[in-house]
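This is the structure, below, for whatever I ask next.
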Amino acid sequence: MTRRAAPPALLAAAGIVAAGAVLPVAYLAWVVLGDLPQWWETVWSARALELLLRSVGLAVAVTAATVAISLPISWLTVRTDLPGRGVWSVLCALPLVIPSYIGAYLLVSALGPRGELQGVLEGPLGIDRLPSLYGFWGAWLALTLFCFPYVLLPLQAVLRRMDPSLEEAARGMGCSGWAAYRGVVLPQLLPAVGAGALLVSLYVLSDFGAVSIMRFDSFTRVIYTQYRSSFDRVGAASLATLLVLVTLVILWLEARSRRSGALHRSAPGTARPPRPIALGRWRWPALAFCAGVVGLALALPVGMLALWTTRSISGTVEWGAVFTAAGHSLLAAGLAAGVAVLCALPVALLAARYRGRWPRLIEGGAYLGHALPGIVVALALVFFATRAVVGLYQTLAMLVVALVILFLPQAIGAVRTAVLQVDPRLEEAARSLGRSPTRAFVSVTAPLLRGGVAAGAALVFLTAVKELPATLILAPIGFDTLAIDVWRTTSVGFYERGAVPSLLLLAVSAVPMAILVLRERSDA
Amino acid sequence: MPRILLLLLAVPLLAFAVAACGDDGPSEDALVVYSGRNEDLVGPLIERFEQETGIETEVKYADSPELAATIIEEGDASPADAFFSQDAGALGALQSESLLGKLPAATLDKVPEAFRSAKGDWVGTSARARVIAYDKRELQPDDLPASVLDLTDEEWKGRIAWAPTNASFQSFVTAMRAELGEEQTKAWLEGMLANDVQPYENNIAIRDAIAKGEIDAGLLNHYYVAEAIAEEGKDYPVGIYEPGDGDIGALVNVAGVGILASANQQEKAQRFVDFLLTDASQEYFADELKEYPVVPGVEADPSLQPLDEIEQPDIDLNQLDDLQGTVELLQQTGVL
Amino acid sequence: MSAISITGLHKAFGAARAVDGVDLEVPEGEICALLGPSGCGKTTMLRLLAGFETPDAGTIRVGERLVAGDGTMLAPEKRGIGMVFQDYALFPHLSVAENVGFGLPRGERSSRVDELLELVGLAGLGDRHPHALSGGQQQRVALARAIAATPALVLLDEPFSGLDAALRASVRGEVRSILERAGVTALFVTHDQEEALSLADTVAVMHAGRIEQIGTPEEVYGRPATRWVATFLGEADVLPGEVTEGQVDFELGRLPIDPGFRGAADVLVRPEAVSLSLGSGGSGRRVEGRVVQREYFGHDQLVHVELPSGRRIRSRSLSHPVWHEGDRVHIAIDGPVNVFAPTGSP
């Protein structure tokens, strides 16, 4: 199936999406070409190299940690009889809704040298300061805790659809549970791990919130600094081009790590839903592990916010404005999620089912925007919109386009994984039964992709709803979102007042997330 | 098949229709202000402007440097009429891109020369002083040095906070370069680093860290502490210390406003600028934000050391647009 | 009239010529087996017929209609060909009835689906989902789905490979009778010669992208056209021989066969053509050998005998008499043998 050339219509649709996604790179090229000597000077410097190493080091460390957390949790929540696994599924997905700038700040407030924890410990133990959380490990901790669901969610989706007979066959051949997992389950999870790891590493490269709070000089932080303090667009763009190069390398590595991508059954017959594996006495350590992760990544930040909410003067909260902002957040992130999955479908189909230069180029292009700092994408759109489509500038449409460019890969990853799980023979069967290619896709493949599409939409929604830099620049005037609300209150130091919109941000995100996770479970 | 295709097409089209029509957008004759000053700070003032003048005003709030970068990308197509900036640096950046129009002399003359653009492109609206904030539980004003330059002493090792990515801090370093020269500034920065200075994300983070007892003192703007004192009361554990004798550590910087050369609403923008310089507005900055008013005759908050008593260094704010050089120096020394 | 006529069909994937000049006619109403080892191009043939691959050269007609070649490439959905996939490709999100009715116009669905489920012996299971069925049942659902819209032709890709041996024989019979009752022409690919011989009216033996021989099961088994067909289809031992005027001499005697050439020859002997006896008996030269191995299958046995030359030959016979290792036996040819020009070492 992969030997055939891709249908032109699919290629064209995916090509258009990719062309949109590389707009920011085109903008960078335009800026940099205006001053090549400065580009060379910026890029070819010890400082740039150092930043590169720091950022890549952080991305590698965070990615490894998120995979290490997600593999056991995905297995526990999908394949075992872990008590309350539905609840854990939802709770473990929720850290995604915590913006890294808030999450990191809350971590510092709670666990920093003189944070709340220290306050608790000071009385009985006389500890007057805790070890510093700032720097590499602080950034690592914050990004790991708030990014691991990017790996977890696709893993759970794959596990739910994985043919249990394979694992059973392995165990029947005398493999221990662990050997069966390593030999049979793990290799099938690898594409999903790769897709999730790709998202995490690119997100880490583009993140500004956590690294700035944790005072870790990453690439993106310095790019922001260039814009902020020297208004040096060429310098910032030059550094951003390096980020594009790093992204290309990561994409290349990820593509190489994909071996045979197909995940559907090769055996005749149809998968039957798996039966949960009994944990026995291992259920307590398993519970403790899940509780520990959820505690740090979710309960701690939410608890801190709740604590602050009680401390803040509730009279100062303008509920009307906050709810309007919540509506705006839902609208913008919802549209971004919908448009992103529509754009992701052709790219994911192309990437999953066809090989060759064009499918690879198109998929790679669609991922490029993800590693770029929000400000770069936003300014690129400002640049193009004010020159080409003035009518759309300062409209919600522009904001949605930016969010889609930034987070499209999250949708592509989820949809692509789902496509790999659908046997293309099913579509051929539908065609031999008289359905046109489109109708065969709609009546057979599309329903089977539903889970992946929903997961992709949820990921984009959750990331878009908390996005700040691009939202600030591109949101229409007066279109306050919850993220903007949080920024407004925190940037002048009213962290306590930021607690209410932050909590609402969590609530707004938690509802669709919970519905998604629970429906997924009942489907399986 | 057509039905399905239509459906697939309909969703994004609908999305864009909603997006394009859902918002009224700025009406044609509204005044559009890009404000780098926070809505919580200046929102009430802008409401007052709308009420008094009847001019419909649309405000885009974001951080000053981002807004400046946005305006630079927008170029002549910018929807903005006026740019209300948190600091002189962002205005300077627009000035050097020739994106700001000239203000009339009548407007400029309301403000002392030190607080406005020499080219007449922008005017200061309120001022703030760099101070050393300190933990009152640990330190007395007498313990603090007469000059920020002395913070490189062994005595202060690991006890001082700064926010090197912060625009105010960078303005301060720019001023130091103008005042003391490149070499001495570099030596001071390196001395601070050697003395284990603690970098923080911003002024508030420094203030809160001092309040929590995480660190003893830090370099920041006066009003962050003044506001906290106003909110928390006299027992707030952070105090303000002004280095004396024209020390560079007592630099005074401004927030300001300029009118874009491409503005569609030149006249309304002019009224907005003039409104910010009225006595009432100046009192608002003084009373509500604990900033220093820049129009002579309006009094600062009584809890503050009056602006004219601060022995300001002799710095021309127009020299502070060489942030490029400052950032290079900060990067070269490893501060950034 | 032919249900399928294929002429000069070629299809290559890169350098690999999967189908390399195939001509094939399948008469209407017949069941034709495309038999060959894996990688011989038989699945590609099926996919070319179904319309999932485009031929590089050649034409394919289904009935009177040109479906591929000469600038025509009819889409799979327009060919009216039913297909049973190797892994069945049942739609996991649809019930059995919905699977079977998938290709039917909405109005006809319910009555026709019931009829089909009855035909394949799954009446009453329409509401189940595919994963709740056994392998054999899934196979019959796939078959019912493929013939639902009464296609002129049904293609089956290794239809029995997923079933266990015991099930295979009974399902084979059922499938044959379902296909016959439905009155459709069927082409199925298989690598299993027993399946091909027992199920098909016609067997086309494929090798390296070409069809080596087409004929009834009896023809391809009893009179293989090539040495390759002879060895692929059933068991055969090769003994060197010499062709002279109208007869063949080899270790087991002289037989009156004229293969149309003179000189050295390979003589292929199927085990069932070799009879063993104690002492004297048989005709012609008496050859004595020694039993070296015996495989017992219940209904019959396969006995390996070492000839005086040291070569071995196998003999298949009913379970009696019982031979033992070391028995001295007389060997006689008691059935057809095939003679081919030698192709190197035997």
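Note that the chains are named A, B and C in the order they appear, and that numbering of residues resets to 1 at the start of each chain.
Quick note on the criterion: contacts are C-beta pairs under 8 Å (C-beta built on N, C-alpha and C of every residue); 3 or more make two chains touch, one makes a residue touch a chain.
Heads up on the chains, UniProt names are A = Iron ABC transporter permease; B = Iron ABC transporter substrate-binding protein; C = ABC transporter ATP-binding protein.
Quantities reported herein were computed from a predicted structural model and do not represent experimental measurements.
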Completion exercise
By C-alpha centres, the chain nearest the middle of everything shown is A
Exercise for the section: With chain centres defined as mean CA positions, report which chain is farthest from chain B. Expected result: C
Handout entry: Top chain pair, ranked by how many C-beta pairs fall in contact
Key = A-B
Exercise for the section: Averaging only over C-alpha atoms, locate the centres of chain B and chain C and give their separation in whole Å. Expected result: 85
Exercise for the section: Averaging only over C-alpha atoms, locate the centres of chain A and chain C and give their separation in whole Å. Expected result: 53
Problem - Euclidean distance of C-alpha centroids - chain A vs chain B, Å - result: 34
Exercise for the section: Identify all positions of chain A at which a residue touches two or more other chains, and write them in rising order. Expected result: 436
Completion exercise
Among all residues of chain B, those touching at least two other chains are none
Handout entry: In the complex with chain A, residue positions of chain C that touch it
Key = 13-14, 50-53, 75-77, 79-83, 85-93, 102-103, 129-132, 135, 138-139, 145-146, 148-149, 161-162
Exercise for the section: Write out the stretch or stretches of chain A touching chain B in their complex. Expected result: 47, 112-114, 129, 212-213, 215, 217, 221-222, 224-233, 331, 335, 338-339, 342, 375, 378-379, 382-383, 386-387, 390-397, 399-400, 436, 438-439, 442, 469, 472-473, 476-479, 484, 488-489, 491-495
Completion exercise
Residue set of chain B touching chain A in the complex reads 1, 4-5, 8, 11-12, 15-16, 18-20, 22-23, 25-26, 32, 38-41, 58-63, 65-70, 72-75, 77-79, 89-90, 93, 165, 167, 170, 199-201, 204-205, 207-209, 212-214, 224, 227-228, 323-324, 326-327, 331, 336
Handout entry: Complex contact set, residues of chain A against chain C
Key = 3-4, 265-273, 423, 425-426, 428-437, 440, 443-444, 447-448
